[in-house]
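Two complexes come next, and they have one chain in common, subunit A, joined by subunit B in the first and subunit C in the second.
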Partner chain A sequence: MIAMTNPEMNKLVEVLLEGDHAAALAEARRLRAMGIEPERIVTEGLEAAMQRLDDKCTVESFNLLEIMLVGRAVSAVVNELYPEGVPPERGRDTFVIATLEGDVHDLGKNIAKMVLIGKGYRVVDLGKDCPVETLVNAAEREHAHAVLVSGLITPVIPQVRKVRPALAERGLGGIRVVAGGAALKQSSAEALNVDYVAETAFDGALYLDQLVRGAA
Partner chain B sequence: MNSLERIKAAISFAPADRTPAVPQLFGHAAALAGVALKDYLRDGGLLARCQIEARERYGHDIVFAFMDLCVETEAAGSILQYRENQYPDVASYVLAPDSDVSALAVPDPATAGRMPELLRAAGILRSELGDTVLVAGCVAGPMTLATQLLGIEAALYLAADDPARFERILDFSAAVAIRYGIAQIEAGAHLPIVFDPAASPAVVPPQFFRELLLPRLQRVFSAFRQAGALANWLNIAGPTGTILPYYPEAGVDIANFDYYVEPQRARELLPDTCLDGNMKSLIFVEASPDEVAAAASRLVSEFAGRGGFLLSSGCEIPPEAKPENIAAMLAACRGA
Partner chain C sequence: MPDLLLRLDDGTRRIPFEPGPSIREILDTTDFRVRSGCRGIGACGLCRVRLIEGESGEPTQNERLHLPPTLLSQGVRLACQVSPHHDMQVEILNPAPPSNWKSPPNAALLHETHSPGTGTKWLPPGVRHPCGVAVDLGTTHLCLSLFDLASGRWLADRWGRNPQQNFGADIVTRLAAAAESPAAAREMSRLVVAAIGESLLDIATREGFDPRRIANVTVAGNTAMLALLSGRNFELLLQPEYWTRPVDCAPLETSGWAAEWQINPVAEVDVLAPLAGFVGSDLLAGLVSTRFIEGAAPALFIDFGTNSEIALWSGEALWVTASAGGPAFESSGISCGAPAEAGAVFRVRLDAAGGVACQIIGDDRAKGLCGSGLVDLIACLLDSGRLTRDGKFAGGETGYAFSAGGTGLTLTKSDVDLMQRAKAAIGVGIQALCGHAGVRLKDLRRVCVGGAFGRYLDVGNAQAIGLLPPVAPEMVELAGNTALAGCCDVMLSSLAAERLDRLRSRARCLNLASVPDFGEAFLENLYLQPLREA
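The block that comes next holds the complex of A and B.
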């Protein structure tokens, strides 16, 4: 699917996809100076760029370098538009994301976060080595639509399996749990006791898009 | 036919009594012996003993003088954080993006960090096993060491923002790999495997591999061959289908492939190169012995007519893997 791009946003989308964060920042400032609202820059600029990247990133051509450069450019624009952080009322939905206790590798989590922010979601990042209880507390406090867990190493799997029961115990059984990362994606949703296992950050974002639309 | 002869036969596509089995058993050897990983990773004598015991138990065809992919960066000056039963990670990187890499000295394997312990392990393994079993040393490939010197995010941003500076770091990393790998050969390893997970197309695009990494890998493998390595072995996990065709140009004799790449595709991409792979690591933790045996048998059958194959996992078999699953892999290999 090719997303339609508003002509005013062409340049922004182009430099975002090139991963040129300085040019993206300059272009966002130019658009703001023209009186274009931050909301529109996000929905018609950032989200359009993320859609293009999503279309391009099959499993075979998904690489961290390209994603990180686009992610850095997107973050620079978001920080410019919302210096105090994305307000809860602006974000379409909130997701809580963490690398769970026992795993200190957070690159996969950071990539997923960048993709979701680029799509206009509000993402609460709990960092790495995060206890399940902290994740559940944040999901409740932030009214999260889903919680996302990333894992590079297999010993973290028992922690992942605890998330859904811990949410249910708090009366939050309706919150979906999505897993991703090199170790977790070799497993299945059933084995991990989660709702979905994402092959890539974009695959996970697509599931979340459907969830938000009520289609998942 | 002993294990080393079996592997040599596979490398040269000659007939063998069975498919060689080279499961990537590193920290699992410690778990099997009831030894804390943090001790195994810092004591060459202990590492060698655990590797020999694991090999006696399973009967596979290789032992690994391998600690983790942080040995080189620690030797160069990074500070690691060790945990009881996990691999260490870098708490403080020796390089910042604006650092001058020329201020760093290539570590001396005889004295720097854990390198001397690793050399001791290689020496013990070779003196105990002689030329019956392949003794594999291991080095971090240039891209992986660059990411371990800077942190992966800083390294990737630097590669985009200041390619010339990043290339100097890659050159330093290649020099570290060459010096450390040759020291392993001199200590007794038949060959050093080059592990370069950060060179995977999951991390950098194929063009980056071809333009920046291939020339450094050529340099590393050429040096190993001159130093007497039995063969050149490159291990990059993940979806490597787009870079496998460059391996012969890099001087690779044995190419690891992960579960992302179908065996048939790997065969087509590298018709004249010995392959090793590609069982999923996680099945050794989660599946039953029957499922592991079936997966192993499928691969052995797939390559039966071709040769040039070492049965392995595509990536490390996790330390907490079930021993009965590794035994099932070996049994399938023996046709039991």
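The block that comes next holds the complex of A and C.
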């Protein structure tokens, strides 16, 4: 999917990619003051920035700091546009995301969240050190299309394996489980007992795009 | 440094050495050992080499005893009787069979400071000239030191691979394997017990040592390794709530081990208890050997690894934490990386022409950069403006290609990224400990660096990228294998054993999970720049 490039959004895309969150905030406010709807800023600004970042990450190698800076800027803009949180609108798919109990490194999770928000999805973030039960409760409550679990360290693997059975126990066996993060991407989906193991946040987002369109 | 040139079937190896040790001692640190059956005193006559070139001095009386004049005239000598001072070329005539076990370089020097002096421990009766073995049981390597318990005299050192690596390179893979299969758990315990036995056999046969003199074996290690050795409670370590809680790793029965090791049947085996799931007795031993809490001034201790352990002494309180930053310090996962063994680039400097000059460990064939070389190279590129502080190459380059002893190597952006992550984990840990203890970085008066990574570390370069706090360089102590040193102390001295108990009761565990704004602190620490006050 190639996002439409709108000249009005060029500046926003540029400062987002530089990870300059103050400039990104200022630019988002300027666009709002011009009367541009939050929805358009997400789809034409954030999404375009995500696409550019994706291309960049594919060509160059991944630098965590750059991605985190972009993530911080995107989050700042989303918080500015939707101070009450992203509304659960019709047609906008919801994902529940968490770093599971035992893992305090939620950087990977935050990146995945940023990419998905940038793509216009609604993401319910349960934070780090999250018990499996909390994750399952949230998936039920939010009518999640999929749950995403991220893990930087290998001790969290036993927790990841519990997610699918815990969902099935509640009759939520249809909800897909996607895993990502440094520790998890070295394992197979089978070994982790999940539906998909994302190589990067963008790879995971691509899988979810297909899932939402009914292609996965 | 002069070189020992070793002629082999497939060419020549260059082994740099500091003058002093014998040819045998120099070779003992490499994969090319000469056969031996005494402690290098010229008694067994097995360590035959042929001198091809170099100044060797007159044959000793022992050599004349073992080698007929015809052999002497052909340049045949005993490796333990010749101590070269300049370049020398030799050929091994009587090679030792291949072995996992080696001597660390400068072991004797290392242990000079180890005489217990006071507080000699209780010695078991009925053992003639009782000896003790201290074992540092690491995830990757085992290191052992043998001492005479009565005199505190050092006798031998060995190090070799931890054979559990077939069950996984990292701790968690091994713990998971053990938790899933009782047979795997038993096998992992057996492998380590067998490895200790092999190393003792290597000492016994090569040094002419009677293992029945061994009356004590003291083991320190990270909690997972100790739990896998004793076969107890390893499954608890997969549960986060135990990471900051004590885990009992004391073996229930060790008489079988003593029998397998062929040491004295009355020998005691002491497994030094860890502090918590993520803080092992290796860290505690390191704090013992550096007398970490004996000063009044604030001090920091860092044992670098995949899972780095960090301790902070405020002058009144002792805080410890563990921070997992990935394996960059061991150079694992680095595209141009190599373990800190022969062939590793361990030091990098900017040269006059604007390129880099590399120093290689023990061999002239560069295999890659080890942890300290990686730190140096990144600091050099940062200094010369070829790398930005956010980890990008200037001008959008994707990497930096350079030559090390004729081998072409390339540092990629993702290599830099891995080091950024590893050092960010350390930075967050240091800042969190300082925050809890109410110590500012500028108040630190002592920084101890443990582990193999610290051995070749350039303090200035480590500070430039934020790996060590910005204290005066003379306050930084590169302390080497402090875990083994502390284990020796505890084995040899009842005072050191008391220090260990005191440390254990005073240490307070900090879980980085409880640190607010971890993500923000991590992001700040990803920048390649000196560490800042939190």
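The rule we apply is simple: the second predicted complex is superposed on the first by the 208 of 216 C-alpha atoms of A that agree within 3 Å, B and C clash if a C-alpha of one lies under 4 Å from a C-alpha of the other, contacts with A are read in each partner's own complex, and residues count from 1 in each chain.
Note that a residue touches a chain if its C-beta (ideal position, glycine included) is under 8 Å from a C-beta of that chain, and two chains touch if they have at least 3 such contacts.
Everything numeric here is computed off the predicted structure, so don't read it as measured data.
> Should the superposition on subunit A be reported as showing a clash between subunit B and subunit C, or a fit?
Overlaying the two complexes on subunit A (C-alpha atoms) leaves subunit C and subunit B clashing.
> State whether A:191 touches subunit B only (first), subunit C only (second), both chains, or neither.
After superposition on chain A, A:191 lies in contact with subunit B alone.
> Mind working out whether A:101 is in touch with subunit B, subunit C, both or neither, as first, second, both or neither?
A:101 contacts subunit C only, not subunit B.
> Quick one: classify A:129 as touching subunit B (first), subunit C (second), both or neither.
second
> Report for A:168: first if it touches subunit B alone, second if subunit C alone, otherwise both or neither.
neither
> Which one of 23-31, 59-67, 203-211 or 491-499 is the stretch of subunit C that crashes into subunit B?
That would be 23-31, the one stretch with clashes.
> Residue overlap on subunit A between the subunit B contact set and the subunit C contact set?
Comparing the two interfaces on subunit A, one with subunit B and one with subunit C, the shared residues are 60-66, 68-69, 72, 102, 104-105, 107, 110, 153-155, 157.
> Within their complex, state which residues of subunit B touch subunit A.
Checking each residue of subunit B against subunit A gives 85-87, 89, 152-153, 156-157, 159-160, 201-205, 208, 239, 241-242, 259-260, 280-282, 285-286, 318-320.
> Residue numbers of subunit A touching subunit C in their complex, please.
60-66, 68-69, 72, 101-102, 104-107, 110, 128-129, 152-155, 157-158, 182
> Mind listing the subunit A positions that touch subunit B in their complex?
Answer in residue numbers: 19, 59-66, 68-69, 72, 102, 104-105, 107, 110, 153-155, 157, 183, 186-187, 191.
> Over in the complex, which subunit C residues touch subunit A? Could you list them?
So the residues of subunit C touching subunit A come out as 170, 172-173, 175-176, 237-240, 243, 324, 326, 390-392, 398, 412-414, 416-417, 420-421, 511-513, 515, 518-519, 522-523, 526-527.
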